[in-house]
Amino acid sequence: MNLTHLDENNKPKMVDVSTKDDTLREATASGVIRVSKEAFKAVEENSTKKGPVLQTAVIASIQGAKQTSSLIPMCHPLLLTSIKVDIEELPKIYGYRLYVTVKLRGKTGVEMEALTGVSTGLLTIYDMLKAIDKSMVIENIQLEKKSGGKSGDFRRK
Amino acid sequence: MNLTHLDENNKPKMVDVSTKDDTLREATASGVIRVSKEAFKAVEENSTKKGPVLQTAVIASIQGAKQTSSLIPMCHPLLLTSIKVDIEELPKIYGYRLYVTVKLRGKTGVEMEALTGVSTGLLTIYDMLKAIDKSMVIENIQLEKKSGGKSGDFRRK
Amino acid sequence: MNLTHLDENNKPKMVDVSTKDDTLREATASGVIRVSKEAFKAVEENSTKKGPVLQTAVIASIQGAKQTSSLIPMCHPLLLTSIKVDIEELPKIYGYRLYVTVKLRGKTGVEMEALTGVSTGLLTIYDMLKAIDKSMVIENIQLEKKSGGKSGDFRRK
Amino acid sequence: MNLTHLDENNKPKMVDVSTKDDTLREATASGVIRVSKEAFKAVEENSTKKGPVLQTAVIASIQGAKQTSSLIPMCHPLLLTSIKVDIEELPKIYGYRLYVTVKLRGKTGVEMEALTGVSTGLLTIYDMLKAIDKSMVIENIQLEKKSGGKSGDFRRK
Amino acid sequence: MNLTHLDENNKPKMVDVSTKDDTLREATASGVIRVSKEAFKAVEENSTKKGPVLQTAVIASIQGAKQTSSLIPMCHPLLLTSIKVDIEELPKIYGYRLYVTVKLRGKTGVEMEALTGVSTGLLTIYDMLKAIDKSMVIENIQLEKKSGGKSGDFRRK
Amino acid sequence: MNLTHLDENNKPKMVDVSTKDDTLREATASGVIRVSKEAFKAVEENSTKKGPVLQTAVIASIQGAKQTSSLIPMCHPLLLTSIKVDIEELPKIYGYRLYVTVKLRGKTGVEMEALTGVSTGLLTIYDMLKAIDKSMVIENIQLEKKSGGKSGDFRRK
């Protein structure tokens, strides 16, 4: 099993994608934040309040996805061509599931960008609700699907 | 229940901490990444390999924590005075638990910085193992404890 | 008349505030964007649409204000303790006036942060409406008031 | 009228340009800062002083244009291939007009980059003169012309 | 002799590379830090200690190279496709030589990215050893070789 | 000899300065770039040309110093209160020596900020002259003096 990000002396490196083709690549990641009933109600009870909390998360996700190569040391800078965020309300468990889909026409995949977008959006919801609930948990940050590139497509079962 | 980050017109705002005292504040957050057996073995089997993968995550956590106020829209810029990362290997479930502890002498707490550090470190492990396993899951990103400031201490049960 | 940002050889410098006192400082800036009737109607006609356009501007203003010392070469890094954005709709001229108020307890004023916040928010509205109207004009970016610090208070007449 | 930056649920999104062609695109924006007679004279009276104030603005414009996708939430990261700044002195009104021209061979236009460059440069002039005059006004930030891309050319009348 | 980064009025500009071809470009830079015997021994004597000091430098080099266009005002944003760092221990002079090799398929060379990576890595070693030795010197930061692009290849003699 | 930036498990950490006093701290660093006679003449022969090349370096130094905690992984974010750059022309060896002096009232020293400022400024000169000379060498980046803080003052002999 190959640790692609280590060189022959086990030092981290940015993987060489210089000669890879520019192809259309797409990735969707998701993640969940579970909050207290009180925090969920504070967001939901007033439709004007749901707006700003979840919209701030959407915007933070998009801006976070664009910062991926600054945050994750071995990630390549990439010209993301599309970022879309969806939020599913989970009233039964008091939580939110955030989806981020990223596209690119380029030399390497965008799963880290989708995952970083999810992570940033969930942290933003945490931040905006933390005065009500400090025991919230972020969970199930994961790749949902991925297409394009030589390594083949992926779809979570 | 008060959404502290919304103003009287339900617009997001950065909470006013201008008149709060500078006190010593500390927060510890944690989170887990579950990886495949193969990925876990690739990291573990050779002690020189564990070094660079986990060290890169440590460094990314520290740098990520410092970027919190750029990433999370309503977070205040803060003069973090200490960031420490610990990684617990979880051989039974094939995973890693990352702890980030942040300290500050200032006007507001550092839980978001600890959580952002955890999140960035786990994403970095994901990035370095994703050629082996695309189904890894990041979970249980949560505040462990928090002290300092007027809102009182928190310790996860 | 003294150009405080130039040294004895007319080179730019960051002004030395090392020995200034930490005092409470506050500044409010404003600015206007004039848009076409069509663009204004597209935002207004549906209350759910006004939300995301103007909320995105609010969030961009807050994040922009925090980036001031990276953007404006001679600005000091500052620990902003409050950022608040207001948007006034100007239906008679088809436009929006954005106000940003920034606070700090520190050694130098925050007028550049308020102005940078205004500027970033107005550019964000421009960006979100530019598919409808390319002739929009941003105008009257100016300091409204300022308090704290040795140089005295300012209030625009 | 279509708000291109909102998705079907009125959430902000980064517009999908994945399948657009790479074409040569160019945009020029301009803006004005009006300063007091005293501030204008302080800059002008000594040719060595005009240098550093206006040169700092030029450099800030170029660096600001490169930060557009970090500052304006829905902007795409872009590989700008040329940034040129011109400053016109306006002795009759005591002010400066700044022009920024940006070029790109890519999938989307560069008007936001030109406008952000103008805005950053004008704010920099403000910063360097604010010890003399706090009532300066930034005005008429606008697109002058734009070429390339499917939406057609624009030239301000 | 042409100062390519100045325009017809001697103002700095970002050189126009809009019509240059995308070709494979590569550059290697190097630099040395000389440290005290004590600092060198502190790093070397324990193989587990050499790991984190030099690995942190490797990671900082890679992340620094990616920040080149933010740091060096006239540099173009570039889609680096490979960054590799090597560190040569210099036990005779008590020092380290750091090599950074950067690749790109694009319109302009990557020598500044290689040099910025070297510089950031050496500063990181300095930072981690400065409690032991404040008289360390960084020297011989230079381009080793460069290929690709119209200006021809370079190889240091 | 203590590697202060490593924890008990030899992992990098940001040193804990939470309980240190805020004192006035100052550091000056310097460094040299040697260029070809041709490059030196291109800058010198026309006084208007020296302006933009060296001024761009000054501004890049100041902005680079402010980015230190983003670039150097274990550096603390700091509220720099003064940054001043001086450039000494070295006509005998065809080169420039750059000095950066940084001040702070805070909990830890600013030598890394001064060194990072020097490094960024020298790289900027390199960038602006590299079309003329690719064999330039940056050398002798070093701390000149340092005061404030518990570890005592330093002055290079």
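A few remarks follow.
Letters A, B, C, D, E and F mark the chains in the order given here, with residues in each chain numbered from 1 onward.
Basically, contacts are C-beta pairs under 8 Å (C-beta built on N, C-alpha and C of every residue); 3 or more make two chains touch, one makes a residue touch a chain.
The structure displayed is predicted, hence computed values, not measured ones.
Hopping across touching chains, the smallest step count from subunit C to subunit F is 1. The chain pair from C-F, A-B or D-F that repeats the B-C interface, sharing more than half of its contact pairs by residue number, is C-F. Annotation: B-F is the more contact-rich of the chain pairs B-F and D-F, by number of C-beta pairs in contact. Both copies, subunit A and subunit D, contribute mostly unmatched positions to the interface they share, with under half of the numbers common to the two.
Note on chain placement: the centre of subunit B and the centre of subunit E lie 30 Å apart, centres being C-alpha means. We define each chain's centre as the mean of its Cα atoms; on that basis subunit E and subunit F are separated by 15 Å. Per-chain CA centroids place subunit C at a distance of 36 Å from subunit E.
Multi-chain contact residues of subunit F (touching two or more other chains) are listed as 11-12, 51-52, 55-56, 59-60, 63, 67, 70, 73-74, 77-79.
Taken as a graph of touching chains, this assembly has some other topology, since it is neither a line, a ring, a star nor fully connected. Chain pairs that touch one another: A-B, A-C, A-D, A-E, B-C, B-E, B-F, C-D, C-F, D-E, D-F, E-F.
Of all residues in subunit F, those touching subunit E in their complex are 1-6, 10-12, 31, 38-39, 41-43, 46, 48-49, 51-53, 56, 59-60, 63-64, 67, 70-75, 111-112, 115-116, 119-120, 122-124, 126-132, 134-143, 146, 151, 154, 156. On the subunit D side of its complex with subunit E, the touching residues are 24, 55, 58-59, 62-63, 66-67, 77-87, 103-105.
Subunit F makes touch with subunit D in their complex at residues 51-52, 55-56, 59-60, 63. On the subunit B side of its complex with subunit C, the touching residues are 7, 9, 11-20, 69-70, 73-74, 76-79, 106-107.
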